[in-house]
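What follows is chain A paired twice: with chain B in the first complex and chain C in the second.
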Partner chain A sequence: MTIQDIPARISISQPMIDAYARLSGDFNPLHVDPAIAAATPFGGTIAHGCIPMEPIFQAAQALIGKPVMPPGSTMSLRYLRPSQPGDTIHLEAQPEEVATDGARAFAFACVNQRGEKVIEGRCTIPVAP
Partner chain B sequence: MTIQDIPARISISQPMIDAYARLSGDFNPLHVDPAIAAATPFGGTIAHGCIPMEPIFQAAQALIGKPVMPPGSTMSLRYLRPSQPGDTIHLEAQPEEVATDGARAFAFACVNQRGEKVIEGRCTIPVAP
Partner chain C sequence: MTNPLTTFDGAEIGRQVCEGRIVVSQADIDGFCALMGYDDPAYRTDAPGGAMAPTSMCLTYGLRLGWEEDVFPPGAIRMGDENVYGVPARAGDTLTTVLTIVDRFERKERKFLKYEMVTSNQRGERVCTVAFTAIVP
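Take a look at the complex of A and B:
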């Protein structure tokens, strides 16, 4: 399987953000109070930073067929814009050549339904022991 | 406030992992089935990859006094070992000198209650517009 063929996406909703707030303890009004968030430059609530990362994990783990990042896996991320309820984030990935030891690497962008990149970066995954 | 003074931690539980499974749709048995997971080399369930990252977001956002990573923020991560229910992950951070434009950067390790690093990396945060 090549990384481009893996369907990796997350559809963000306010209940999802509320659930992450309970999980993390981060109840900032910008995440959980639509009325307060509407009065900010964001115009509404925004997702916690790791929610739009989820497609990266989905793709990485599908690529290697394991539900865990093997020790030594690396990820570099650049946050480009926040994500909000109603956004659907999918992964666009470009595989790099498989290393001689079998390690995998891919560049990626997490892209919303308007075609805007919200996160871009690169992931490397060593061969699991 | 300096990054070292920010209390940033997360205590991982099976209900938290179950909540993240519902949020992400990732119900791999290694995350949500303690009996199946107990029979693997991990000896029990493991947390989804972004759960032990949470202290990084907590500290970064406390440092800048905003609940969102400003556009252009970067994070590099190296996964060193999985995290499991019962683990408490805290952040150990080393600030770098503030850039002339006010941008912040810090190196970090997410460390469990046994003093083992589970993630290490570096975060850079530009001045928000």
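Take a look at the complex of A and C:
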């Protein structure tokens, strides 16, 4: 199995955003107040940046068959555009690179249902202990 | 009142801004798993060695500290992350997160701050380092 074979996606809803606000303490009205957010250039609420990251974790953990990332794993990423309720974000990964010690790395993009990249970056995964 | 150490002009690069502690509960793990759709037995209360928290849950620890301590200014826009993951957090762990502003720069007339949140468990093991850069007002 390669990283490109793994389906990884998340569907974003306002209740999910509200719940993430309670977890993270980030109650920015842009996330949780549809009335205020409607008056912004986004036209509605936007998800916390960590929510559309989830497909990266799903795919990376499925790739190595572990429930958590092994110590020393890294992610470097840029947020390109916001995600909103109703969006479904999936992972599009480039072919993984495997080092001689078994460590893996892949470039990725988190892409919405319109084919727009919302996040892009790179993930490295050392060999799990 | 805004802590001057958290503003673009007042931030002292490399100086710790705040520190917080939380105890990871099984209810927290269950809630996060339900929210994100994780169902591996390793997250459950009867997992050998105790339930592990999904790695992505560790992103919330530093964020919660930053918002609770009013470190992140309203209107801050997160631009990118550089994250390193360590040992998994487990139910019952007491996690300590230290938040530091590690960089400040201007580009195209916008102001940027880079925040670093280092979370460790009660044994001093690194759980994660979450660093993100934000445009600040």
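As a convention for this text, the second predicted complex is superposed on the first by the 129 of 129 C-alpha atoms of A that agree within 3 Å, B and C clash if a C-alpha of one lies under 4 Å from a C-alpha of the other, contacts with A are read in each partner's own complex, and residues count from 1 in each chain.
Criterion: a residue touches a chain if its C-beta (ideal position, glycine included) is under 8 Å from a C-beta of that chain, and two chains touch if they have at least 3 such contacts.
Bear in mind the structure is a predicted one, so any value in this text is a computation, not a measurement.
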Dominant contact partner of chain A by residue count, chain C or chain B: B
Partner chain in contact with A:Pro67 - chain B first, chain C second, else both or neither: both
Partner chain in contact with A:Ile46 - chain B first, chain C second, else both or neither: first
Touched partner set for A:His90, first chain B, second chain C, both or neither: neither
Partner chain in contact with A:Arg104 - chain B first, chain C second, else both or neither: neither
Touched partner set for A:His31, first chain B, second chain C, both or neither: first
Chain B/chain C common contact set on chain A: 10, 16, 19-20, 23-26, 28, 49-50, 53-54, 57, 61, 67-79
Chain B - residues contacting chain A, complex: 10, 16, 19-20, 22-26, 28, 30-31, 42, 46, 48-51, 53-54, 57-58, 61, 67-82
Residue numbers on chain C that touch chain A, as the complex places them: 28, 31-32, 35-38, 40, 42-43, 52-57, 59-60, 63-68, 72, 74, 78-88, 126, 132
Partner chain C, residues of chain A touching it in the complex: 10, 16, 19-20, 23-28, 49-50, 53-54, 57, 61, 67-79, 121
